[in-house]
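The first chain written gets the first letter, and so on, giving A, B, C and D; residue counts start at 1 in each chain.
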Amino acid sequence: MAQENRGVKIVTIGGGSSYTPELMEGFIKRFEEMPIREIWLVDIEEGREKLEIVGAMARRMWEASGYPTQVHTTLDRRAALPDADFVTTQFRVGLLYARIKDERIPLSWGMLGQETNGAGGIFKAFRTIPVIGEIIDDMRELCPEAWLVNFTNPSGMVTEAAIKQFGWRRTIGLCNVPVNAMLMEPKIVGYPEGAEDLTFRFAGLNHFHWHRVFDRRGADITARVIERLNDPDNGMPVNIADIPFPLDLIRAIGMLPCAYHRYYYLHAEMLAHALEEFARGESRAEQVKKTEEELFELYRDPALDHKPEQLARRGGAHYSDAACECVNAIWNDKHEHMVVSCENRGALSDLASDSIVEVSALISSKGAEPIAWGEMPAQERGWLQMMKAMEECVIDAAITGDYGRALEAFCLNPLIENGAAAQHVLDELLIAHERYLPRFAAKIVELKSAGVQVRDETAARLVAQGH
Amino acid sequence: MAQENRGVKIVTIGGGSSYTPELMEGFIKRFEEMPIREIWLVDIEEGREKLEIVGAMARRMWEASGYPTQVHTTLDRRAALPDADFVTTQFRVGLLYARIKDERIPLSWGMLGQETNGAGGIFKAFRTIPVIGEIIDDMRELCPEAWLVNFTNPSGMVTEAAIKQFGWRRTIGLCNVPVNAMLMEPKIVGYPEGAEDLTFRFAGLNHFHWHRVFDRRGADITARVIERLNDPDNGMPVNIADIPFPLDLIRAIGMLPCAYHRYYYLHAEMLAHALEEFARGESRAEQVKKTEEELFELYRDPALDHKPEQLARRGGAHYSDAACECVNAIWNDKHEHMVVSCENRGALSDLASDSIVEVSALISSKGAEPIAWGEMPAQERGWLQMMKAMEECVIDAAITGDYGRALEAFCLNPLIENGAAAQHVLDELLIAHERYLPRFAAKIVELKSAGVQVRDETAARLVAQGH
Amino acid sequence: MAQENRGVKIVTIGGGSSYTPELMEGFIKRFEEMPIREIWLVDIEEGREKLEIVGAMARRMWEASGYPTQVHTTLDRRAALPDADFVTTQFRVGLLYARIKDERIPLSWGMLGQETNGAGGIFKAFRTIPVIGEIIDDMRELCPEAWLVNFTNPSGMVTEAAIKQFGWRRTIGLCNVPVNAMLMEPKIVGYPEGAEDLTFRFAGLNHFHWHRVFDRRGADITARVIERLNDPDNGMPVNIADIPFPLDLIRAIGMLPCAYHRYYYLHAEMLAHALEEFARGESRAEQVKKTEEELFELYRDPALDHKPEQLARRGGAHYSDAACECVNAIWNDKHEHMVVSCENRGALSDLASDSIVEVSALISSKGAEPIAWGEMPAQERGWLQMMKAMEECVIDAAITGDYGRALEAFCLNPLIENGAAAQHVLDELLIAHERYLPRFAAKIVELKSAGVQVRDETAARLVAQGH
Amino acid sequence: MAQENRGVKIVTIGGGSSYTPELMEGFIKRFEEMPIREIWLVDIEEGREKLEIVGAMARRMWEASGYPTQVHTTLDRRAALPDADFVTTQFRVGLLYARIKDERIPLSWGMLGQETNGAGGIFKAFRTIPVIGEIIDDMRELCPEAWLVNFTNPSGMVTEAAIKQFGWRRTIGLCNVPVNAMLMEPKIVGYPEGAEDLTFRFAGLNHFHWHRVFDRRGADITARVIERLNDPDNGMPVNIADIPFPLDLIRAIGMLPCAYHRYYYLHAEMLAHALEEFARGESRAEQVKKTEEELFELYRDPALDHKPEQLARRGGAHYSDAACECVNAIWNDKHEHMVVSCENRGALSDLASDSIVEVSALISSKGAEPIAWGEMPAQERGWLQMMKAMEECVIDAAITGDYGRALEAFCLNPLIENGAAAQHVLDELLIAHERYLPRFAAKIVELKSAGVQVRDETAARLVAQGH
């Protein structure tokens, strides 16, 4: 898409996010390569205040940069979209309140909520996927050539829905987990220069992938990295409890897990840790909410015109930078290696060709082209096929509002313990998120008249407050 | 294989089993169709006493029948095998003592042992598969035309090893779970005549399959049967705690689960129930041991010449009868519908063509020909692919003695909670079964010198006693 | 579907066919098992005279049988369909005139026409598939529970279109080729009693399948039958030139080919033979037309009340009998082995699960359930995958009228020699069949204005006569 | 593999080839990036004279370059191999005499010989594959870390045998056909700068692939290139008759064919052209032989120290340069896009994951990593699956010497017309190449005693002369 002289137009849905300053920094850093004409930050009425704060902050950052890029803020998505080149999505339906409910309700029944892979992640998908469908409807009309760069979680399922269900093939899903691994792992095995000295190959699903590492001579040094996997500063996201990986298992696997594999390989310990935090009165969501409020406090400062240090401490560090680099690689046809969620096309031959996978890919003006990986060993094949099936049930339920399909998704999800409690969790989450789940409306009415209530007090209070 | 006039020769490995009288009854019942010349009951030194009791009982049964079939008992497998037409396997390496350890050790760490699908089942596979390999080595030499009819659990994995790893394609794996369902379900939906009025189609893996039911007009009446699934007398094996299935989930699935699905769909409740029994001082294995002792008490009675009622109360009712019918269908080329473990050949198109699956098949002199089923819906596809991958890890570990592969099998198994405790369970089971796991010898030595010990007192005592 | 007391209603589209007496004979023969209440013979205006002759003949046959079945004839399909239990299709769009063009035009360019597998067969599909779509539209409205038993050629492609494209899953495609093989092969290897002594397993596509033969002891006797493959009276259809199969090749394949494989394995000889016939002034279609006229001469005889001997001499002997047996097996839930075109469901694991294949299947009130076959050896896999791809191009072109897709179908078809002449054949056939190819209308206009003309005089004359 | 200071060691099997000067030129051109320490040119006794001429020429070229690289010539492969970094293969078993027989014998029966895809190509595979197996045996012992860069035809089948059958995963197969397309196509659509402005993506099999072309903005400009496909200077190899592609078909396909597709899409015309040349007394092989003799005349000139212009006129231009670039990309871990034969790994999801395919790949120190392509449309899928099956039959026959498998390969090959003549061609070729086909020895003896003789006089004379 390069060689344009009119400059790039970016629209960011969920523009009032606390991540926006990182996004601005990323675009400023790349301006010489990719001159951005205008950026539209879009948000909804509930996010108006945050949007204004972040919008002002973004304008200060661009002014400080000296580049002529214009920053617009709006609550009207359709006003922003016309002729956009890239639409990035980083919104959170129901704000952090929703995440609090996603996490607390399962925990109140003794299960991990886990906002991307567990019951919480399933509900985040339920709330988000229909909205992505609406955004794509608008894009089809207003900017039919635009790329959708999604970094709304659960990124893999949202991307699968965008491409397979809503038919927007120009979608790429992003995640910062691989970025962090590629930044940190070279250091822990003694390549201080960083990723330039090593080649990484990732394959799997979003928040559920493995990777191998090679040196410049082609030698597979994965085993060496595995031995240092539990070192401090190993690139694991700050939002995941730092319980050491079981090395005997990882050695048997022979590939590097992603941080989220802890939830699966160490389910007992991760659950115990989450329940302990919960007992202390705080879910992860509530910690994040506090951090976010501090960030907005900073952003209000009219003297602040660069990304503050504190932002890096949130779980999503490098997320926005990955998005900027992805936009850049498309715009400038860079054929650059990135790890993204995109159509499989056979790259992982154990999954269907039209499934969305998270793999090493070349990013260019043609979008993402996965590098073929081939077959997985039996164990990883089994995990992946089950997780993909679970994702399919989630997406189907999100679109149809089918309660039975939702139950099936819960049943397959390895972070949810099957039994009567699982169904209670499902039912309470449906009620708790009623406002954001119009497709499940009939079932929710039925559950409510059957007397289902949210048991966790904090969550129940949020619902009562209209969140 | 019909039209022979010399009569059939059957060899039963594990002939001292308490199931043998049912097997004898089954063969007697079918003698006019399939005249058996001789039956060899084979066992090992540890089973000598039981073999003698059961052998005498078997001879009395045949005498009472008036048929001229000869029953031989021997501790020398190679003396029994020459020119056998059928070899049936129903042995238990390590006797019921092994099952006690299989169940108690996981329970002592708060997990289901489950002797066919859980950690216990994995270890049963570890002990059994190498022995099946040795039996096949003997068969290759002594009765190269014989069929191996396996009903040693875990029947699916043992059959897969026999066919794929040891190359004995004339193997069929049996299980009584489908038999029971086909016997009882017609009754609960009002077809008192039984299975003749209905057609059943099963697909899945051993102890992990679903089925559909059709009436003679081709109408799918599965939904009707689902509604009665939790009725009393529904054909569920007596060895599985009778906790009601979650009907909302089963309706969403739209197929009938097998009894063992309770462990997966109701994991929390089944675990709680098992832990309760364990707290009361008794695992399922110990109950079975008691039942078995009572049975042998009966078998000792020189007046008893028919299968006693009490045998039906064990979990395995109809197991042996299924084996007799399978032998009959092969011998008489009956092209009869049975549900067996056999090579997939595409019947379940979500699994590899050479995987062993448990499906509706035609049994004839050519062996088992599965009836094509096609693709599964997403949820069942995910479960099946994961379970098959788990089985592959188990079989591989059983044959190679690879500890890492065993860890992977544990990690994939949904009845084992991942984390440090899972590895403790693995390590203790290895030590507890040292005598029957020569392929893991090196690792066991290592674990012992690292101080690993069996924590459960009953299990530890059995080990100390040389079991 | 059994246990009805109202009797069966059959509708036969193309009821004026010369095969109808065989169909009547088949139903009469099975009346005690399957009491037919009424038979509707449906045809179109052009076939009115033949319909009347055959209808009268059919009535005489039923009268002679003594059964109370009523035979109706009509030119109004929608009057016939309401509440039908079975709709059988045996029509020929464009009558035998169309077949003459299908065969002569390719031959005039030095290629095999071959009315089912070659260029002729492609055009038969182009003419037939849209009509099948219209019939199904009517069935959906008027007899939504009816089974469609198709024996209109090319039977495999028509069945695939009916099931995959038009969504009528209650469709079964029939062919007499397997029936003939199963009738004759037992005799040529010395089982005079016939098929009862042997078991047959077929797999492949319509007019492109292989089979294996087993005796009652399960021994594979295929190699023995291969050695007698070129014996006289080997069950090969009379409409295929009887050139001996190349035994070295068939031995290497290790399976029995179908008669139509001659066109592929002996392309040079079959082409030479057809060109010779063509040079003598007669295509196969013209011979058939003569036979058919003779048959109708017989049918006119008001004294004739049974199927005349001469009908057997047409290529399609046993076609209609197979249809009757299929109807019977569905009605009476017989679970009978037949070789039919039906959904693959993984039975041939080298082809997609939703492809239509021609395989050994069990026919019951649930329809056709294929017996799983598994993987083919490399050679047959290659042939099958190519032929299925060709069929997909044909069906797609038939439905869309896409000229490029038609070219692709021609390009893949192994009986058409690629090059400029192939495109001439395509273009001339389009023009010659203009009347029956409304979906290709725009392209045909274009070809005509570009001056394309039918070169073969006989074919051109038929077109000029309005055929 | 970079960062070595000892320099690279190259061994070239078939070093006496007329292509060697191009190879030398390619290495000289890249010396600064990839310093080569020593090059070993290996040949066999029959090629001694050519080896000496070419070896001397190579030494003059390196001297003229000023680089210190040493050139060795030897007839002892095992003396050359120790510690090689790269082994390149460009040999021709039986020299050009073999190609003459490969082409003339089929033509004498009215069929294309076609030295890579037709009957000739099958026999080239039969002669070459066992020798590749021997080379790999030596490499396993003497240079276990070396890469095998094969450009011996049929390159795809030789590569598949090397990787799948002989287990040498460090093999990459090369071909100049994609190189030529990428060089010429930018010019014909107006990108004079060449390939830098465009991105190419290839997928298929060696000499049987398609490609798409994209501009730097990501737009697919394939359709534009298709319209210019028959322009002069379109990059088609000089060794293929320049008959215009059928544009209607190519437009329907929507991808660019490779030059060899002419043999399939224009079979009639290509055959007619070859038969015409043959009638004029000359096969393509004989023309090449003349060109080669002229080249060696030039190489003898002690003043010549650079690649002569005339070499480019052979069919294989750019072949050796591609090999040099491949070696360079591995050595310097370049992750460079090249089109090579390598393991599929799912890249073409219609073929098995372990099949060898010719696709766009990244070449680095890890070898070739294919870029995932996904599924092919029906037509190309059908062709590819058939061609791959044919290749598998060829490779199997080459290794086992199984005559039936060879017949099956002939039967599937679309350039061979099936029938009695095809078997005659097979039989004559077996006899004609007796010396180079030890694995078929028994069958050849049988054919000879049955009186089979080579009918073509020129070919018969070569056999009589001991070629």
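Note that contacts are C-beta pairs under 8 Å (C-beta built on N, C-alpha and C of every residue); 3 or more make two chains touch, one makes a residue touch a chain.
This one's a predicted model, so the numbers in the text were calculated from it and none came from an experiment.
K.L.:
Taking contact as defined at the start, I'd like the list of chains shared as neighbours by chain A and chain B.
P.N.:
none
K.L.:
Quick check: how many Å separate the C-alpha centres of chain A and chain C?
P.N.:
55
K.L.:
Between chain C and chain D, what's the gap in Å when you average each chain's C-alpha atoms?
P.N.:
44
K.L.:
Averaging only over C-alpha atoms, locate the centres of chain A and chain D and give their separation in whole Å.
P.N.:
47
K.L.:
Considering chain B alone, which of its residues make contact with at least two other chains?
P.N.:
none
K.L.:
Which of line, ring, star, complete and other names the graph you get from chains that touch?
P.N.:
Graph shape here is a ring: one loop, exactly two partners per chain.
K.L.:
What are all the touching pairs of chains?
P.N.:
Result of the pairwise touch check is A-B, A-D, B-C, C-D.
K.L.:
Chain D touches which residues of chain A in the complex?
P.N.:
It comes out as residues 1-3, 199, 201, 214, 216-218, 330, 333, 335, 337, 343-349, 353, 362, 364-367, 369-375.
K.L.:
Using the touch rule from the top, collect the residues of chain B that touch chain A in their complex.
P.N.:
246, 248-249, 251-253, 264-269, 378-379, 381-383, 385-390, 392-393, 396, 402-405, 407-409, 411-412, 414, 417-423
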